[in-house]
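Look at the two complexes coming up: chain A is in both, with chain B in one and chain C in the other.
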Partner chain A sequence: MNWIELIIKIIIWPPLWQLIVLGLIVPLVVVIGILWFERKTAARVQRRFGPLHVSPQLGGALQLIADLMRYAFQEVIIPKTVDKGVFLLAPLTALVLSIVPLVAVPFTSVARWWPIPMDYSVLISLALSTVSAIFIVLASWASNNKFSIIGGMRESYMITAYEIAIIISILSTAAMTLSYNFVDVVNAQEGWKWFAVLNPLAFLAAFIGVLMATSGFPFEIPESENEVVAGPYTEYSGLLYGVNMGAAYIKRFVYSVLITLAFFGGWLPYHPGTGFLAGYLYPSIIVVIKATILMAIFSFLRAVYGRYRLDQALDFAWKILFPLALFGLGLGILEAYLGLI
Partner chain B sequence: MSARISGVSGKVGFNDLKQLPGFWTRKLGKDLYEVFIGPQHPGSGHMRIIIRVDGDVIVEADPDMGYVHRTMEKLGEGREWIKGIPLYERMAIHDACNVTLPYVEAVEKLLGIEPPLRAKYLRVLLCEINRIAAFLYGFGIFGVFVGHSTMYMWPFGDREVWVELADWLTGARLTHSYPIFGGVRRDAPEGFTDSLRKAIRYMRKRLEEYRKIYVDNPVIRARLEDVGVIPRNLAIELGITGPNLRASGVEYDVRYNAPYEVYDELDFEIPVFQEGDSLARVWQRVEEIKQSLHILEQVADWLDKHKGEQIMHDRFWKTAPPLYKKVFQETGRVKLVPAFAILKVPKGKAYARAETARGEISYYVESNGANKPYRVRIVSASARNAIVFKYILPGHRVMDLPTIYGSIDYFPPEGDR
Partner chain C sequence: MPPKPVPKTKPKRGIFHKFKGNLEAIIVGVKYFFDPERFTLVYPKEYTKLREGYRGFIVLIKDKCIHCASCARICPASAMKMIRIPQKDPKTGKTKMVMWPVINYQRCIFCGMCVDVCPTEALYHVPYHDVVYENLAEMDIDLESFTKPPEYKTAKEGIPVRYVIDEEKGLVKVPYKEGEEK
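Right, the complex of A and B next:
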C-alpha cells in the first residue's frame, strides 16, 4: 500500500513532525492532563472536589475538553471599535510563532531527523521564541480597550524583564560547551552531568524567567483578573480567546523543551539508534516527558502564592534575576575554562 | 448640583443637561488616562471607582457610590415597625444581626421597654457569629483580589461553620431577623453551646493556618506592607470606623466606648495596630476574630447556666395565646405575637448605634405615634469608609487598587443603603 507509506512518510518528515505533532498535538494533550492534575491538587489543598461532573468515572478528566468545545462553538464577537484585521490576525500569528522555535530544536542526535541544520540551533530557537510576545502586545493595541492596553503595556514591561534572563542563562550552556549546537549541548551532558546540577544558577534564572514569560504564579500580572479583566485578551471571545490561551500554554511547553535540552540532558540517557522508532520517536518521547514534568512544576505554585505587583516583579527581574543569569554565565565560563564539562 | 437643576424653569435644554452628573466633562491633564473601574468589573464589586492614571500610577481617584442604592430609608417609612427589621438587614445580609440591632434598640427606647437578660445574651451570641462570618467573607474576597485562590476557598468554607450555626439558632442562613422588639425570636436549641464550643476550637486552629499560608506568605507581605497607609490623623479626620480605624491606631469600638446589650458584662479587648497599612488591617481582623471567639465562649457559659429563662419582654409575651406559650415550653421557639402587627410606637425620637463587622452603624428613629416610622435615618459603616479611597489611592499603582479595596472591606450594598 503505497499511499499509507506516503502518509506515514509525510507525518514523520521532521519539520511536520516537530511543528504539528510535537508542537501542536502533544502540548494540547499534555496541557489537558496537567491542567486537570493541577486543578485536582489545588482543589485538594483548598478542600473541594475540583472538576467532577464531566466524566465522573475519570475524576472529571474530560472537563478541559468540554471547556475547549465550549470555546470552539461560542460566538466570536468582534467589536466595532477594534482594528479588525490586526485583531483577528494577532492571536493566530502569536499561536503559529509560539510553535515555530521547535523547528530549530533537535529531538535526536541523528542528523537525518533534523528539520534544519543544527549548527546555530541555540541562537535560532531563542531568537524565534521571543517573537510571539510582540503579537500579544499588538492584539492588545488592536482591541482599542483601556483594560487591554494596560494589560498589553504590562506584557511589554514583562517581556523586556524576562527575555534577557532566559536568553543569557540558556546561552550560558553554549558557553560551557563552546558550541551553539543544541546537539553538542545535549551530548556534553553525557553520564548524568546535567547542566542543571553543574550550573544551578543559570537553571534557576531560566526557570523563573519562564515562569514570568508564561504568566505563571506568582507572576500572573498581565492577565490579572481583578485589575484588568483579562488583560490583552479582554475583547476576545470564543475560539479566538481559546487560541490566545492555547498560545500561552504552547509557549510554556516550548520553553520547557528548551530548558530540558539545555539543562536536563535532552534525550539522554537514551542513545538514539537508527530508523524512525529508535532514532526519532523514542528520544522525542523522552524529551516530551521531561518537559511535561517541568510544566507540571510550573503549574503547582498556583495554590500557594498570590500575585506580585508589576513594579515588584520588574524589580525582582532586573535586580535579582538578571544578575543571577550573569552569574550563571560566569559560572559556566569558569567551568568550561577549568575543564569540568 | 441638584439645586441648580430644580431651579431650571420651563423646557430643559442641552446646556442644562450638561449640569447633570452623567454629562459632566472634565479636562484631563497631559499624559493622563481615565479608567472607569466598575461598577460591573471583576475587581470592584458593585461600585465604580474612576481613576486617572499617569502611566501605572494613580494620580486621582473618585469613588462613585450608588449603583446598588435601594432607598432603604424611604422604604422604611412605608411599612410597619416590625417589617423594618427584615428590610434593613438587606443592607448586609451576612452581618444581619449587627446591622438591625440598633434599629431594634432605638424602637425599644421609644417603647420604653428593656429585653430580658437571656435575650440580650442571645443577641450578642448572634452578633458575634455574624461578625466572624462577615470577616471571613471579607478575607475570601480579599484573597481573590490578591490572586491567592486558596485564601478564597478556605474562609468561604470555614464561614459555612458559622452560617450553619446561625441557621440552627435562627432558622435562616443569612437574613435571620433574629432580634425583635423586646427580645429575640427563638431560644438556643438543645446542644447548641456544645457545637459552638467545637466551632470555636476549630476556628482557632484555622486562624493559625491562615497565618501560615496567607498573612505571613512572603509574596502577600510584599503586596500588603506599606500599601494603602491611612495615617491616624487622616483616619480621624475622615471619620473612618471599624477595624480600619483601629488598624490606624485609634482605640474606638462602640462595644467598648458605648456598651450596648451585655457587652459591659463581658471580658474582651480592643485590638489596635499602629501601622495603618493593608497588612495591619488584615491582622486587625484576625485579632478581632480571636476576641469574638473569646466573647462567644463567655456567652456560651452564661447560656448554659441560665437555661429556660424568658427571652421576650412581658409586654408582648402576656398577649400571647396559650398555644404559643405551649410551643415555647416544648420547642423554645417564639412565634411572633399578633401585637407586633398593630404595634404603635409612642411619639418621640431615639438614636442607637452598634459595632458591625465593618464599623459603627447608627440609626436615628423618629415616630409620630403611628404604626409606621416617621423617619429612619441610617448611617452605615461602609458609607463612612468609602471616602477613604479618594485620599489613599493617589500615588499607588493600578495593581494596588484591588489590594486596598479588599483591605478596606468595603461592602457596596451596605454603603449605598
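Right, the complex of A and C next:
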C-alpha cells in the first residue's frame, strides 16, 4: 500500500499534475475530441457528413484514433539537406515550451496546490506562453525548404501581430483587479461577474489574438495547405509531424485555460474546499471543461471562414485588433476607477 | 453584340460593415449547425432514382433489327460496330453471314445517337448506370449479352432518393415514392 500511496502522492504533486496530467494527457484526450468535433462541425455546416464509415454508430469517432495511429507508426523521414539537430529538437522544444505556461496558472484558490507562488502569475504565464512560437520559426529554418521558410516567415510576422494584443488584453484584467495574481483575478469575478461580460472588448481582442496565435481558421496563414504545403511543417513526417500538431493544439489549450481564468471566472461557480478532491481535482475539471468549450468555439469558426491573406491579417491585427486591445485596457481601467468590480 | 461591361459595386468599407459581415457569416454557420440539410449520397444505402429517358446502358431487341448498320455508322466514339455471324436462312436453307451490332463500353460515351437513329427502334436505353465489370475485356460486349439488360448489382438494397431544387434551400435530397413521376 505504501507504494500506491507514494505514486498517488507523486502524481498529485502540483508541478507534475499541472505539467504532465493537465498539460499533456488531458490535452491529448481533449484534442482528439476537438478534432472530431471540428471535422463533424465543418461537415455539418457545409452540408456533408464528415468522417462516417469507420464507425457509423459512433459518428466516425474512431477515424481520429486511426489517424493518430497512422502518425504514431509512420516512418520518420529526415531529409539529407536539413540541419539535423535543430530539425529534431525544434518540435520537441516547442511542445515542452507550449506546456510550460501552465506552471504559473492556478487551478484552485488553495495555496497548498499551487506549483509556484502566484503573486505574479499573470505576467509569468503570459511571458512563458510567447516563447514556443520562436521554435516554429527555427524548425522552418532548419528544414531548408522554400515552403517551410515561407511558412516560418509568415509565422514570424504573425507573432509580432498577435502577441501584443493577447498580452495587453489579458493584462487588462490585471488592471481591473489591481493585482498580477490570477487567483485575485478569478476571485474578483465572484457572483457571475465574468470579465467577458464586464469587458467584452478585451475578451474579443484576446479571442482573436489566440485564433491568430494558434492558426485558427480565418488566420490559418502559416500552414495554409494550398499555398505553402504545410508551412513550417512541410518536411516533417510521422511522429515528428504529430508532435508539431500536438504542440499547436496544446498551445491552443493553454491559451484557452488562460482566457478561461481571465475572462470566464475559472473554477468559480465552485468554491474549492480542503483535500485533494475538493481542493484540486474538481476545480481543475471545471477549468478544463470551460477551456474545452472555448476550444470548440475556436474550431467552429473553421466551418464558417475562409482564409485571410497575410497582408489582410496583419492589417487587421495592427489597425483593428491592437486598438481594440487598448480600448479594452482603457475600459478595464475605467471600470476599476468607477468601482464596478 | 456583347453585353456592356457593368462596373463592379465595391463592397462597403469601414469597421462596422466588416463586423456586421462577420457576424452574419457566423449566424449562418450556427443556423446550419443546428439544422443541417445534407445532400451527400450515402451510396450503397441510397441511390438516385433516375428520370425517365435517362441515357443508360443500351440493349438490342434482336427481332426488330434489320442489320442496316446505321448505329455503327453514326457512333461518334466508334463504340458500336457490326460483326458478321453465320446464320441459316429459314427459306432457302443456305448459311450466310449476317451483320449484328455489338458495343464496346470502354468507348461508349452514352450519347444515345444509335438509339435515335435506329429506323426500327431496335435499341433502347435502360434507366441505370451502376454496373460493375471485373476487367476491361468484359466491357467489350458480345451479341448474346447485348440483347439482355446488363446486370444491375450495386444499389439494389438501397433507398431510392431524388434531388430537387428548392426555392429557399437550394439542392435538397428527398426520398423517392413509387408512382411520383414528374
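Note that the second predicted complex is superposed on the first by the 341 of 341 C-alpha atoms of A that agree within 3 Å, B and C clash if a C-alpha of one lies under 4 Å from a C-alpha of the other, contacts with A are read in each partner's own complex, and residues count from 1 in each chain.
Note that in this section contacts are C-beta pairs under 8 Å (C-beta built on N, C-alpha and C of every residue); 3 or more make two chains touch, one makes a residue touch a chain.
Model, not experiment: these values are computed from the prediction.
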(request) Using the overlay on chain A, decide if chain B and chain C clash or can fit next to each other. (result) clash
(message) Touch test for A:V229: chain B only (first), chain C only (second), both, or neither?
(response) first
(request) Give one of first, second, both or neither to describe whether A:F300 is in contact with chain B, with chain C, with both, or with none. (result) second
(request) Report for A:Y337: first if it touches chain B alone, second if chain C alone, otherwise both or neither. (result) neither
(message) So in the superposed three-chain picture, is A:R47 touching just chain B, just chain C, both, or none of them (first/second/both/neither)?
(response) both
(request) In the overlay, answer first, second, both or neither for which of chain B and chain C A:W13 touches. (result) neither
(message) Once chain A of both complexes is superposed, is A:Q312 in touch with chain B (first), chain C (second), both, or neither?
(response) first
(request) Considering only the touch criterion stated at the top, classify A:E220 as touching first (chain B), second (chain C), both, or neither. (result) first
(request) Please determine whether it is chain B or chain C that touches the greater number of chain A residues. (result) B
(request) Choose the clashing stretch of chain C with respect to chain B from the list 38-46, 92-100 or 110-118. (result) 110-118
(request) Indicate the residue numbers of chain A shared between its chain B interface and its chain C interface, in ascending order. (result) 45-48, 303-305
(message) Could you list, by residue number, the parts of chain B that touch chain A in their complex?
(response) 33, 35, 37, 41-43, 56, 143-154, 157, 213, 217, 219-220, 222-223, 397-402
(message) List the residues on chain C that touch chain A in their complex, please.
(response) 15, 25-26, 28-29, 32-33, 36-40, 42
(request) In the complex, go through chain A and note every residue touching chain C. (result) 41, 44-49, 52, 300-301, 303-305, 320
(message) Please output the residues of chain A touching chain B within their complex, sorted ascending.
(response) 42, 45-48, 146-147, 150, 153, 217-218, 220-221, 224-229, 302-312
